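Take a look at the structures listed below.
Here come two complexes built around chain A, the first alongside chain B, the second alongside chain C.
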Partner chain A sequence: MIQGETMSNAECPECGAQIAQRAGIEVGEIISCGDCGSKLEVKSVAPFGLATAPSVEEDWGE
Partner chain B sequence: MAYDISIVGASGYTGGELLRWALMHPEMEVKQLTSERFAGTPVTKLNPTLRGFTSANFVPVKELNTDIDALFLCLPHKISAGFVKQYLETGVKIIDLSADFRIHDKNTYAKYYQEHPHPELLPKAVYGIPELHREEIKKAQLVACAGCLATSIILGTAPLIKAGLIDNSNIIADSKIGSSASGAAFDLSTHHPERQGTVRSYKPSGHRHTAEIEQELSEIAGSKVSVGMTPHAVEMVRGILSTVHARLNTAGTKDLDLWKAYRSFYSKSPFVRLVKDKDTLYRYPEPKCVVGSNFADIGFEIDPERSRVIVMSTIDNLVKGSGGQAIQNFNLMFGLDEKMGLWQPGFHPL
Partner chain C sequence: MRLAMLFTVLTPENKMIFESATKRGITLERVFDSELMMELTASKKEYDGVLQRSSSYARTLYSSFYLEQMGTFVCNPYKAHKLCGDKFLASVLLGKAGVPTPKTFGAFTPDAAKAAAKKLGFPVVMKPVFGSWARLVHKLNDDEALDAELESREEMGHAFQKVYYLQEHINKPGRDMRVFVIGDECVGAIYRTSTEKSGWITNTGRGGTASNCPVTSEIRELALKAANVFGEGIYGVDMMETGDGRLVVHEVNHTTEFRNSVEPTGADIPGKMVEYFVKRSKK
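On to the complex of A and B.
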């Protein structure tokens, strides 16, 4: 975080839990919601924004 | 300032569990523990885990001194009512763990139990689930602690009814319960060769707790709520897992709607934990995670194909289902922090 920048919360899109922005968190990181366990992707840091992370897609190389 | 308390009928499992918490409570001074059968016997003979915590002996109830602040009654129904009648007049605050004052309506009580010996006292009692009646309990002289099965089912279902999310006319609750719920007295059904390994439906319909479940949920709904409840005795000593099934009122109801309903209802309730976690072995509530604690763990799942919700609610029947909830009620009645003396997790692994 840049000095003086306010850390904020974002809402889990799955369960509505408030998730605090951790210092140094970066766009693209995958985090877990502490309440529902959903995998969430950090979409933005200022403001802090989250989206449900895409499921791992299988590619069998066909 | 410590409050003086005594327990009448302290030799059963409920009384023993209540005593365990009371001895560790920073604002409680345990004065007397009554038992007719075990009068003169050291309390630790029946409660070996309390060795080193008390040197008290059980006393007969005729020696009970009511110059105390609170009296806990851990007696069978009908017997408890007589003691309530006798001691209410002394001004002492009473926390009754029997069923005698849970039901507001004397006819409903008669239907599920027997004629009430003192129906004139029914209006004086507050139903003892703090998550539903916190403010009334603070002002009460008589609190009727809720039944253990009832506590698990009511806590799991109340937020959905309050939010108008489910069909109140056809709620089904299926409960699994440990052997300690049948008390310290024994008969053939609790004999080890008969009880070991059992999964026994012992009252498929018309269980007594149905009366208090429907009473409390109907009060929240403002109209009649119908609950069919079937308990099963299973291979546990402590613990209840109640699985509640209901139809959703609106197709397309989402997880987020239910999360909001539960969070809103329990925003001031420290002993209710919402458990619905995709990212752990313990994805839904399990008795193993609450045994030995005063927590109620509640989880849910929507079945979108059938527009149905399934709620899982678990408690320790001897703690949140009786002794712990009694202490929680005591804390409120005496203006103490609701969590005082109760704030500890269960064991893991167990």
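On to the complex of A and C.
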């Protein structure tokens, strides 16, 4: 797979925009919707599926 | 040997750790903490070692405790998470161990918190006992600001937000340091410099910038001493330079982030983490 190659699209669950799958993207990564700015979690890569990302909770950190 | 990494989301750090494991031919299973279903009353060991990278402090504590009781080596161990993740406990231990650290008071009521602030003198820094990324870390310049903070916490806070943690404000030179400790090795350090966006705070998650900090023998010794308070493991030790040229440790991070640190330091932090984790899991 060439870096940057588009594989498939998934729908933003917040605004319905089509989001292109980046090469190398993995389940569990958080991306932003280019249209509405929502944070989205990659739920699957084949097929490419997205869900609204979990909210950052008060106890999240390092 | 069956090894896994436990995490909430695939952060850039976690992705780097998986890549480092793959490069070394190590299979690190992916376990999302959201999918854990632990039968608490049965003894069941699934993994020899688990690298704990959950984003959630609550999930970190419970899953680490559970896994350790099942006989799994957890990195960092439960005890390290428990003690580092609670600033109240961490300050007590740092002070007791003689690690230079800002003067800090704990109190349970607004009146006691005000008495502590009087002892420290304004400005004081108030932090929640749990929390990260400088969230709700406030510099309070006078009684009025302190009163507002205390009233907010009393009216809106939960029980742990009413455990008041007040710290001496260190007039640092617009930066502090994050020092990475893996086992008994200090692998690198960054300066975190505050910006217009981050204000007085230096946290890179809040807009502070990262640049290489040469690891002097003083920095190394202090970082190792601070990390040792919490037991052998992987830590990000935060320290500040005081106006009179001393270094003080203000926090030890038990699930340290490093996404902005590999490039400026040139240190293979994820690779060293994986190597340490595998070595310790074999013991």
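Methods note: the second predicted complex is superposed on the first by the 53 of 62 C-alpha atoms of A that agree within 3 Å, B and C clash if a C-alpha of one lies under 4 Å from a C-alpha of the other, contacts with A are read in each partner's own complex, and residues count from 1 in each chain.
By our rule, a residue touches a chain if its C-beta (ideal position, glycine included) is under 8 Å from a C-beta of that chain, and two chains touch if they have at least 3 such contacts.
Treat the numbers as computed from the prediction; the structure is a model and nothing was measured.
Trainee: Label the relationship between chain B and chain C on chain A in the superposed model as either fit or clash.
Mentor: The answer is fit.
Trainee: Does chain B (first) or chain C (second) touch A:Gly28, or do both, or does neither?
Mentor: In the superposed model, A:Gly28 contacts chain C only, not chain B.
Trainee: Which partner, chain B or chain C, is in contact with more residues of chain A?
Mentor: So, of the two partners, C touches more residues of chain A.
Trainee: A:Ala51 contacts which: chain B (first), chain C (second), both, neither?
Mentor: The answer is neither, since A:Ala51 touches no partner chain.
Trainee: Is A:Ser38 touching the first partner chain B, the second partner chain C, both, or neither of them?
Mentor: first
Trainee: Quick check for you: in the superposed arrangement, does A:Glu14 touch first (chain B), second (chain C), both or neither?
Mentor: In the superposition, A:Glu14 touches chain B alone.
Trainee: So after superposition, what is the minimum Cα distance from chain B to chain C, given in Å?
Mentor: Shortest inter-chain C-alpha distance (chain B to chain C): 13 Å.
Trainee: State the interface residues of chain B toward chain A in the complex, per the touch definition above.
Mentor: For this pair, the touching residues of chain B are 255-256, 259-260, 263, 274, 276-280, 283.
Trainee: Applying the document's contact rule, which stretches of chain C touch chain A when the two form their complex?
Mentor: 7-11, 14-15, 30, 32, 34, 55-58, 130-133, 135, 236, 253-257
Trainee: Would you tell me which residues of chain A are touching chain C in their complex?
Mentor: On the chain A side, the touching residues are 26-30, 41-42, 53-54, 56-62.
Trainee: Using the touch rule from the top, collect the residues of chain A that touch chain B in their complex.
Mentor: 14-17, 32, 35-39
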